[in-house]
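I have a structure I would like to understand better, so I am pasting it below and will then ask my questions one at a time.
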Amino acid sequence: VSSVDYRQVVEQIARDVRPLLGRGAVADFVPALAAADPKQFGMALSTLAGEEISVGDAGVPFSIQSISKVLTLTLVLGKLGEELWQRVGREPSGNPFNSLVQLEYERGLPRNPFINAGALVVTDLLMRLHPADPLGVLLDFARTAARSTSVHIDGRVAQSEKARSHRNQALAALMKSFGNIDADLDQLLDVYCAQCAITMTCQELARTFLFLANRGVVPHTSQRVLTTSQAKRLSALMLTCGLYDESGDFAFRVGLPGKSGIGGGIAAIIPGLLSVAVWSPGLDGCGNSLAGIQALEQFTTATGISVF
Amino acid sequence: VSSVDYRQVVEQIARDVRPLLGRGAVADFVPALAAADPKQFGMALSTLAGEEISVGDAGVPFSIQSISKVLTLTLVLGKLGEELWQRVGREPSGNPFNSLVQLEYERGLPRNPFINAGALVVTDLLMRLHPADPLGVLLDFARTAARSTSVHIDGRVAQSEKARSHRNQALAALMKSFGNIDADLDQLLDVYCAQCAITMTCQELARTFLFLANRGVVPHTSQRVLTTSQAKRLSALMLTCGLYDESGDFAFRVGLPGKSGIGGGIAAIIPGLLSVAVWSPGLDGCGNSLAGIQALEQFTTATGISVF
Amino acid sequence: VSSVDYRQVVEQIARDVRPLLGRGAVADFVPALAAADPKQFGMALSTLAGEEISVGDAGVPFSIQSISKVLTLTLVLGKLGEELWQRVGREPSGNPFNSLVQLEYERGLPRNPFINAGALVVTDLLMRLHPADPLGVLLDFARTAARSTSVHIDGRVAQSEKARSHRNQALAALMKSFGNIDADLDQLLDVYCAQCAITMTCQELARTFLFLANRGVVPHTSQRVLTTSQAKRLSALMLTCGLYDESGDFAFRVGLPGKSGIGGGIAAIIPGLLSVAVWSPGLDGCGNSLAGIQALEQFTTATGISVF
Amino acid sequence: VSSVDYRQVVEQIARDVRPLLGRGAVADFVPALAAADPKQFGMALSTLAGEEISVGDAGVPFSIQSISKVLTLTLVLGKLGEELWQRVGREPSGNPFNSLVQLEYERGLPRNPFINAGALVVTDLLMRLHPADPLGVLLDFARTAARSTSVHIDGRVAQSEKARSHRNQALAALMKSFGNIDADLDQLLDVYCAQCAITMTCQELARTFLFLANRGVVPHTSQRVLTTSQAKRLSALMLTCGLYDESGDFAFRVGLPGKSGIGGGIAAIIPGLLSVAVWSPGLDGCGNSLAGIQALEQFTTATGISVF
């Protein structure tokens, strides 16, 4: 598949998703997110061959929210290895992303690292591995992978989320009652909310995820952050659990490992080939970007490339 | 039924439960409670006619724990009236006392005031009604009803429970996420744990509950704390929800409105007649006093008096 | 309380509930039930002293539906005794009356004999105890207690319910998978649906339940069908579990052991005193007679008599 | 990757899994299955290039059980298309394969076609599409794809499963109560149990699944049974939902679309390349072949080929 094709495909997608823009609801639980213009749409592609293609609002920074969970998980998995899986499972949950039900039945062991409970455990481990400055380590990694010093934590979003984090506080407290959280709950929520408030553009996000398409090695620095096996496995986790309650549907329609955030972003990869990021703030009923999923479905349909 | 009968019945019970003493597990989640001697057994009776009968360790102070929920509920219901039921239901839960499952499905509205979630809501309301000194108001009421200034809050138990209150913290945070808790969570847990640490003897406890048998009026002060209707309804709640997951069984075997605590105490009433308190620290699998339930079953069987 | 009072109270109730008649939804899952006129209201009282008072449509036959579960349970409990409780629990379920959820978690053991699963187990036992003619035995008992040969099984209703019994079939099959049903499923559902189709008037129903108010002895035949203890315990079960998801609320508002059916009937007792039956087809959201509950609440409020 | 490699890899696997043989429990709910020798192990590979490699007991026929669900789904999806998804979802369930819990909460709509409830719906549709002889159509397809007339339905196994199918009966009855099953329940269970009793060898099974690796076209007949898009999507479903509660773990460790059966078989594909079948009757705690999963994990690790 040549680069010309990619550009044509992506530009065609940008035209075709227009009727969807403005549909879907912008996340409103955080005022800073609620202000986003739902008409925006950006898409960016980074290939291992070095090409970069982008359309629309691909240069506009947005809050990556839960997409950050992949980055934190990468740092923890790379450093801790298999020991991680004693603290969190790797099965789809079949329940809402912030549900306490399963967590209670399964005695504080979250189903996977992408539901909120699992991400809290991963954050807890990041804090244990890098007690001095967990957020600094995370931000360094994101900036390096994105090749951009613009990547930052939006303090206003972080604070706003912290003030509305009672549900996550409940998840963390429940896990602490089962002995599956070490950190002080207040500090844990600070780090968790800050990580969700990482802000970057589609272009930066596509670059950031190239290490996963490249089987664990950040292409431009040649730094290995995950083993090949770990990179494949993290991709498998994204495919089965990356889009909340819509993961099965996303695998079905798009067929790529991906991770979404309620800011309206989605990052996905084609192993060995490329990474792709889309952003549009209007969400579907599962909290995923309406236009974003449509764009990625059209992308794999038009190119005929998916993991299947 | 004459007082002679009561004394005979109670003394016979004290002999008959002996084989059960030392069986059952003492609550161990709080060190201060875990130290209790499981061989202890006390039982006390207070009649509206003014008789008081007691046997065994009825003069030994113990931590009344969840029995205190009846007292807090009385203060809140008496002052707030029907408005209370917009914040908490009055149905048996069918789930463990500290479960988050139902609370999530039912969007933060606890099933009844005796499961932990419901008691946290009632405590939240007590704090709103008496912002200056909610615990002082509660303790005053308990001392007045018990006719004893010895009734107190065991600070060591309260502190010990607070340090292990992550599950209750999770319940409170989940309810706050649904808008059903107003107070600061940390202050709420302070008051909640302190109230559970109220300490009194069986004799004091039996006296304390006389106002319920007396349809809402504290006998020796003639102070009405609940309307007749409220007192009957609170009794109904105790019958359907007062003994955790064993409420149906307790209604079935004993047939009295009662409330238990994991300190091993149970208070029960026969409307219009008397109140009775038992205490023995060994618990059954549902967290209720093993010898206590047996004693009360024998009491209603021997006297032939129950609400049915 | 004199009989004059009862008549006055009941007649006042009949006037006061009028605004409620026609409100509430008539059960529509069975065509034969859906045809009932929602404006109908009947109430009948039978005292152990021999008085009978009735108002409105108390002489109109209706389908007693789940109220029949008390009669089947009486026959099985009286004959089998405590062994019954190895097959069914006696705790409120906290879940809808036909839920499979709890039944799956608790491996086929229903919470109590009044939810559908529990009633199916009791019917299974009735069929084991009286293999030749379980329905004949049940009908004999109902006719004797009601002192009426008019009491009958409405074949059209039974057939109509059988044709819509997939949910009950699911409950029975699930329990059979756990080994808690012996009978052939098809035969079990035949007997179950026939028993629910028992038809009688409020006057007959009030008489029928007198044996429970009389601690297990059918007054006019002096036949003991339950021991005193069993009668009290069955009353406790009715109080904690007799009105579906509204049992706690009914105990709270009315304060009597009662059992409702989706035909719009409710039977209740005051132990040692009387039994009372109400009927009005309009149901509230929990499947209980809207006017019926209101009538009983007014009855205990006006007379000041409840079990509390 | 050359064919020499495949043979070496497969033969090495056959040696390496030996210590696992005999471990794990043979499915015992059906006597006919319980008799299987747990020491058996077979593995077969079919490539789109025409190679066939097999080791061990790859020529021994076994009961493919739930693997048959892929074949039924193929026939229904190929003929009915997208309309199918109005009757069954495509999300991982997060619950046991035969759970009624989610089915009740989600009003009779199964999460995906591979849990029992979903497979019953697909079977219901097969019966509607081919009312004359649904099993004949299914068997024809299996024999054609397997290039073998030996493929058959083991009547003894089918009968034995039918006699123990109360759980499936409960699932079907519950769905019928929600209007999501059309067929007569008894006939539905007959067809369902017969389909699960399809018997073939690893060699035949590997050949059978080649059409999926070949994007919907049976290679040796050139018959298209699914569109390319449908074949990819069915593969995605296998990856997210194909191994019961272990689907996420299988995706994580193996990284291939696969489907398991409690007879101890697993079929998997590498899109565009090959299909692979393993069989060993000893099961892990999730009901999947212990040695089978290990063999497939070693296969993707050794060859470096997975979808990720």
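To keep things simple, chains are lettered A, B, C and D as they appear, and every chain counts its residues starting from 1.
Keep in mind that, in the parts below, a contact is a pair of C-beta atoms (placed from the backbone, for glycine too) under 8 Å apart; a residue touches a chain by one contact, two chains touch by 3 or more.
Since this is a predicted model, take the numbers as computed values, not measurements.
Q: I want to compare two interfaces, A-B and B-C. Which one has more contacting C-beta pairs?
A: Result: the pair with more contacts is B-C.
Q: So which of B-C, C-D or A-B is the twin of A-D, meaning more than half of its contact pairs are the same residue numbers?
A: Repeat of the A-D interface: B-C.
Q: Between chain A and chain C, tell me the centre distance in angstrom, where each centre is the average of that chain's C-alpha atoms.
A: Using C-alpha averages as centres, the distance is 55 Å.
Q: Averaged over CA atoms, how far is the centre of chain A from the centre of chain B? Could you give it in whole Å?
A: 48
Q: In whole angstrom, what separates the CA-based centres of chain B and chain C?
A: Taking the mean C-alpha position of each chain, the two centres sit 32 Å apart.
Q: In the complex formed with chain C, which residues of chain D make contact?
A: Its residues touching chain C are 99-101, 104-105, 166-167, 169-171, 173-174, 176-177, 185.
Q: Write out the stretch or stretches of chain D touching chain A in their complex.
A: Residue list for chain D touching chain A: 89-95, 102, 111-112, 229, 231-233, 235-237, 239-241, 245-249, 251-253, 255, 257, 271, 301, 306-308.
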